[in-house]
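Below are structures written as structure tokens.
Both complexes below contain chain A, partnered by chain B and then by chain C.
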Partner chain A sequence: MLSTLSLRIDRMEEPLLDVQNLAITLPSDADRRHAVSDLNFTLRRGETLCVIGESGSGKSLTGRAILQLLPKPHVRLSQGRILFEGTDLVQLGEAGMRKIRGNSISMIFQEPMTALNPVLSIGRQIDEVLIAHTSLSRTERGRRMREILAETNLVDPDRILRSYPHQLSGGQRQRAMIAMALILEPKLIIADEPTTALDVTTQAQILRLMKQIQERHRAGLLFITHDFGVVAEIADRVIVMERGRAVESGPAKEVLHAPSHPYTKSLMAAVPSLTPRIRDGQTALEPTTLLAVDSLSKAYLLPGGRSIKAVDNVSLRLGVGETLGIVGESGSGKSSLARLLLRLSEPDEGSIRLDDVDLLALNRSQLRDKRHLFQVVFQDPYGSLNPRWNVGRIIGEGLRLRKEPERKVQEKSEAIIELVGLDRRALSRFPHEFSGGQRQRIAIARALIMDPKLLIADEAVSALDVSIQAQILKLLDNIKRRLNLSMIFITHDLRVAANICDTVMVMQSGRVVEAGPVEIIFRAPQQEYTQNLFAAVPGRLETD
Partner chain B sequence: MSSTAERFFSNRTAATATIVIGLIVLVALVGPFLYPNDPSAVVAKPFELPFGAYPLGTDVLGRDVAAGLIYGARTSLTVALVASLAALLAGTLIGATAGYYGGLLGDMLMRCTEFFQTIPTFLFAVVIVAVLTPSMTSIAVGVAAVSWPPVARLVRAEFLSMRQREFVHAAECLGAPDHQILFQHILPNCLAPIIVMGSLTVAQAILLESALSFLGLSDGSTFSWGYMIGAGRTFLRSEWWLCAIPGMAILVTVLCINIIGEALNDALNPLLKD
Partner chain C sequence: MIRFITRRLAQALPTVLLIFALSFFLLKLAPGDMAAVMAGESGGGSAEYVQNLREQYGLERPMILQLFSYLKNVATLNLGYSYRQNMPVFDLIMSRLGPTALLMLTSFAVSILAGVALGIAAARNVNRPVDRVISVISTLGYATPLFWVGLMLILLFSITFRQLPTSGMENVAAFNEGFARVKDIAWHLVLPVVSLSLFYTAVYTRLMRASLLEQSKMNYVVTAEAKGLAPRKVMYGHVLRNALLPILTMAGVQIGSMLGGSIIIESVFGWPGMGLLAYEALFARDLNLLMGILIVSSVMVILINIAVDVLYAVVDPRIQLN
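This part shows the complex of A and B:
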């Protein structure tokens, strides 16, 4: 009874945003004609609609199309209507759109560092919005700015107003962006991956904040994301997009708990579970130690003359065939530790023994001879391959440096490229011809061809879509078993850590907070920091 | 790479400039074999008007101006090219070392570069040429000595940012020695700005060489455009073409090389690709 009543009220109210038959055309040399086609959705006041999809699904272009911010003339809106409170934004023209942007509809971007102007103070930038759209006096504007910053839970608004973007943390910057987007009380907020660049704990705070503010102002929120956890946390309704089409839509609960479209199902299945996998019972045996690190420390000098301990007294043991996960937020020192283990930077104190060789005692040329034993896969699949070299040269480099005969390099390259699931013809092509996931496979091949005993993966799957991420994780797991490889897996994503690690080490500001078998740490974290980290993981899913 | 060439030649001005430079280089290469007169031989009475018996007239001593222009092109272009190549080589080596290794070595190299940069360019070149006694070699040395610091600073900045790229770390982890990382991995990825800088350095070098010759700091026996302007400057009010003709040659050459440099910058810039 109650539900039919509310349904009737919903019907009576005109939707805030009504997108009909939207189509966005791509330039003629793109891999498909339409970035988005046949897209229909509505958004009511006070409602949160999540648009979820992988990269290239057209979700971000949809958000931009509403504000008429498509990168013309290459990408243009070729069909459809975008009704905002009954006005068609497509027909409105540039002058009319300027009145609406920021005023009635505002946008929050992924990376506040690039969305904010680095040479203007936060106060100046928020003030500009007020000057452009209102006729408030200087004192009124100041009062309004302090109010809105207080509303986004920023302590000491006066200091924030005087600060420049680089003086704030990522979370503070994103709060300032949100404040800027909300100051004119827009009826519609479009948020394009606003928490993707943030740590989990900060993400959890920002999501809570956005939900609160949206409810308080009864604004419509169009939330674009790739993360099912975030959807579970914030969405009322969901649209799942695949290659420019909405494949499924409906209330968040239904879509998340009983997805009907195979694409949605496969996407959800690709999200790693937060519950550690059950491992085959070989863990009882104590494996022989491959890597032993003792009280490793590294301090960096800051410009002010002070120094910061990036890695502070870290010790660890890694057995043959084991995988150790190092988790922590940004700035926790996990990547600095990786650089030390890779011998890319010099520690201040401590020791690193790999296979009973003291890596710190070697001179430069001795170290070069040992480097094949520990290899690395980096995060950025676009930056980790030399763009001017073809894949054959990239993969073969290590062996050629070891003066292996050309015949052997060829044979081994072909074998390894097939091992990582690529065609051998890939060897003659250049990195830019491959997708992110394929490039990551190439990077893995480059590491594996050296027959390493230890593979260090520094956020190796963080830049990939979930489905690709699942494939790469599976590949790494397979290879690890086949070659009895030891791995150190550095990640900020606890789901990934649960999926692949045997033991986990939690780091915070350079120190090890907690370490132990993955089942124990994930089931019953002892330290408060670890507990907070787990609590902040967005949206518990069915599989968790 | 072919798409870079396409983008370059789709710029009409750049295509024209390339043709003009091509013609000037051709004249410098084969002109002396085809043109009958020696530039230093007295062939007629002084101050013959252009477009008479001699295509560009004769100068104060009755020498053929056209012959001077052709032989002068050789000198000016050779000195400019040699000096620019030397400056690029030195600048790249110093900049690459400073950018890749950084630390104390990098600081020392950069302070040294800045020291050279603070000396007024032209005065420094004059001093070098005067000390080494004027000749084509000393002019090339002088021009190179004042042209490398900006190259070194550019290359250092490029190497400094490339050094942090993941593919460079990956190569280091494979055990690649420094020279391989510097010249096989980083340098090819910094070539675009270096090429552009090089083309602009050539234009600068032509101007410097001309200015030095104009001041009389040149080998008396070899003709160059700057020397011709210097020799004609006393008659600027009555026989102005003696200065104007080689002046035009310098103007056109430098302008074309600058246009090519700008166009290369656009064509090699991946951000402007579409």
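This part shows the complex of A and C:
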């Protein structure tokens, strides 16, 4: 009796997706032969399986391999079976796959801005799915599209359908993308980092929406991510991937609370905690003020004659050796403020005093003499280094512009490149020869060689994997101490802010919502906006 | 849209005035003025005769005054009189504008269509024999001078095979009318259009191939494939439209140089257009006529550029005209 019952359950729970011995081969000039090897997993109806790993782990290629959409012609599926409802997709062939793509298996991508065609309206892009897979009439298709957009909580579906991707916000674009993926009620949804490009509050909404829709349609969800917080929010089961292999898998609760593989442990340890860490050597003494900003404002003119206050009456104080975190969502004015502080754009009102020098009163040549005092590290370690210059030239440029003797430039470059943890031979190599984390070290070296008193880091660790991010944060903290440097750390990631800042300033639409010591703001935020921001951080564990 | 066009027209006005002034002074710099030419044409004259002519035509006045009176005339569409051709310059240009426009627009359309088609063929067969053959042909088209292509085509198709006419726009002696005339003109168009569009076709082919290959790496292409669209739909519905944008930019820039190219082609093929007229005017030192042609051409280039900008906004919704 008992055995027949369990047999029936087994049959009902026949996996929707069964991946066996999957291997994906990379082109011969890649750093390794297989992007993915010996990968096995199953996914049931109504289940969410998270594939987590850092860049280069093969997680995205796994997702694309299921749809037989590996980048042609160099990346190939070289071994294995992908059974979807018992059919091997590897053997199915192009015509058969086309019937499945977008129909019974659909995919949601990371960056909705680039994943949508910029010159076609949202309506047309969703309509294509219906035209390709159904024979519905035009009015019927319109009705279906409005329905699905309403289901993804998009207000005014008619306007959305007429809009082009650039006319929507990031959250709206991702909802439209989800609508496009769900319109034919697929049995399997593959989501490749669908919330990584979004603000935390938007991310929380999208995750909730995906969970709801998945449960309503009892679809299987394969969710690819690098973020343990997101895994904690959404996963039933987890696979941890490292360099193409599954190093650990199991129910989400078990993996998150008692990881068994050292790689999983190290990844989780690298995730910064939301609890501000206790800083040693903190003195009760008020440090001397390095930077004093008063009532700074900047408005930009929008097309159509309206203007927007990007920075609205912002004042702040930063002491010598202190780190101030500026946090907020996209469009909150964080980066505009940084540009004003760097004097890359001119404020409409207000004052900036650095080391008791009124920066706004300086003329161009005086400003040039002072520029070395405040340096910047940008977010994108790929875009911010000149690809045609070797590292020595990039790092030494600032000193050479100041006509420093060549021997001194050499000596200082070598010292600084070792300070940021790279070998001095790095100086003769070019940016593309380095990984993202190494490039960010180069960018930091380029800033530090000028002996700045203030370092502004604009989302300097946001593009990096958690383990690399942890290294860079540690490096910045060490350097800051050794050089008694003041730092302004601009980030959208509250965990990062908790890890590195002494004081925090929360911004929303150009204004300061609240500011104060990091312990106080993080433990007891006073403003509703800040509270919502904290509530939206995914995967808050008890330790947070 | 209307507001954009009027604004662009208003902005073009200073540009046009500057072109007028520059070409006016440039032509005045050339040795020998109109009086000297006229005296020469009438079989020579005494120094007094030339002097008389100069005073009569106001050539003794300061240059800046001459420029102003010229501009005043241009504003009323009076481009002066061609003493060489015994006709008002404006009428003369208008009678030649049609043939030039026909030659240019046909070549323009042919080069874009052929370039886009060849570019697609090359990109879809990247690094395969088709791609290599197209690449070799486009390099040849790129590197061969216009006049040489024209002469060789005449040699081959008109003289050796005796299939196509060597010169002119139509067979005037045949007194064709209606469709027969259209056919005759089309027949005459073949060689000039092929010679003029060859270079531009080569440019657009290479540009289109590169642009398509770049666009096919974009994320939205994977999205389109993940929807279950057939490769043809992905190519023509998604990639092509994005890949066309650089072609359009390039075409807007090159329309001016195509006008320059048509001078050579018109002289080679005896095409009765503005290019041939300019060529004749240059050698006859018919400065009034030359100025007139410069003015009309620059206005044409500016108008076409505005049209290209409008077209750009139609193809790319991210571009806002206002």
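Simple rule for what comes next: the second predicted complex is superposed on the first by the 529 of 544 C-alpha atoms of A that agree within 3 Å, B and C clash if a C-alpha of one lies under 4 Å from a C-alpha of the other, contacts with A are read in each partner's own complex, and residues count from 1 in each chain.
Throughout what follows, a residue touches a chain if its C-beta (ideal position, glycine included) is under 8 Å from a C-beta of that chain, and two chains touch if they have at least 3 such contacts.
As the structure is a computational prediction, the values presented were derived from the model and not from experiment.
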Quiz item: Here chain A is shared; do chain B and chain C fit on it together or clash?
Solution: clash
Practice problem: Please work out whether A:115 is in contact with chain B alone, chain C alone, both, or neither, and reply first, second, both or neither. | Solution: second
Exercise. Look at A:354 in the shared chain and tell me whether it touches chain B only, chain C only, both, or neither; answer first, second, both or neither.
Key: neither
Quiz item: Can A:238 be said to touch chain B (first), chain C (second), both, or neither?
Solution: neither
Quiz item: Just chain B (first), just chain C (second), both, or neither: which does A:102 touch?
Solution: second
Quiz item: What is the contact status of A:75 with respect to chain B (first) and chain C (second): first, second, both, or neither?
Solution: neither
Exercise. Name the contact category of A:369: first (chain B only), second (chain C only), both, or neither.
Key: first
Practice problem: Kindly classify A:398 by the partners it touches after superposition: chain B alone (first), chain C alone (second), both, or neither? | Solution: first
Self-check item: Partner chain in contact with A:387 - chain B first, chain C second, else both or neither
Solution: first
Quiz item: Considering the complex alone, what residue numbers of chain A touch chain C?
Solution: 64, 67, 69, 97-103, 106-107, 109, 111, 114-121, 128-129, 132-133, 164, 166, 177, 180, 303
Exercise. Would you mind writing out the residues of chain C in touch with chain A in their complex?
Key: 218-220, 222-230, 233, 237-238, 241-242, 315-318, 320, 322
Quiz item: Given the complex with chain A, which residues does chain B contribute to the contact?
Solution: 165-167, 169-177, 180, 185, 188-189, 274
Practice problem: Write out the stretch or stretches of chain A touching chain B in their complex. | Solution: 74, 342, 344, 367-369, 371-372, 374-376, 378-380, 383-388, 397-398, 401-402, 443, 446, 450
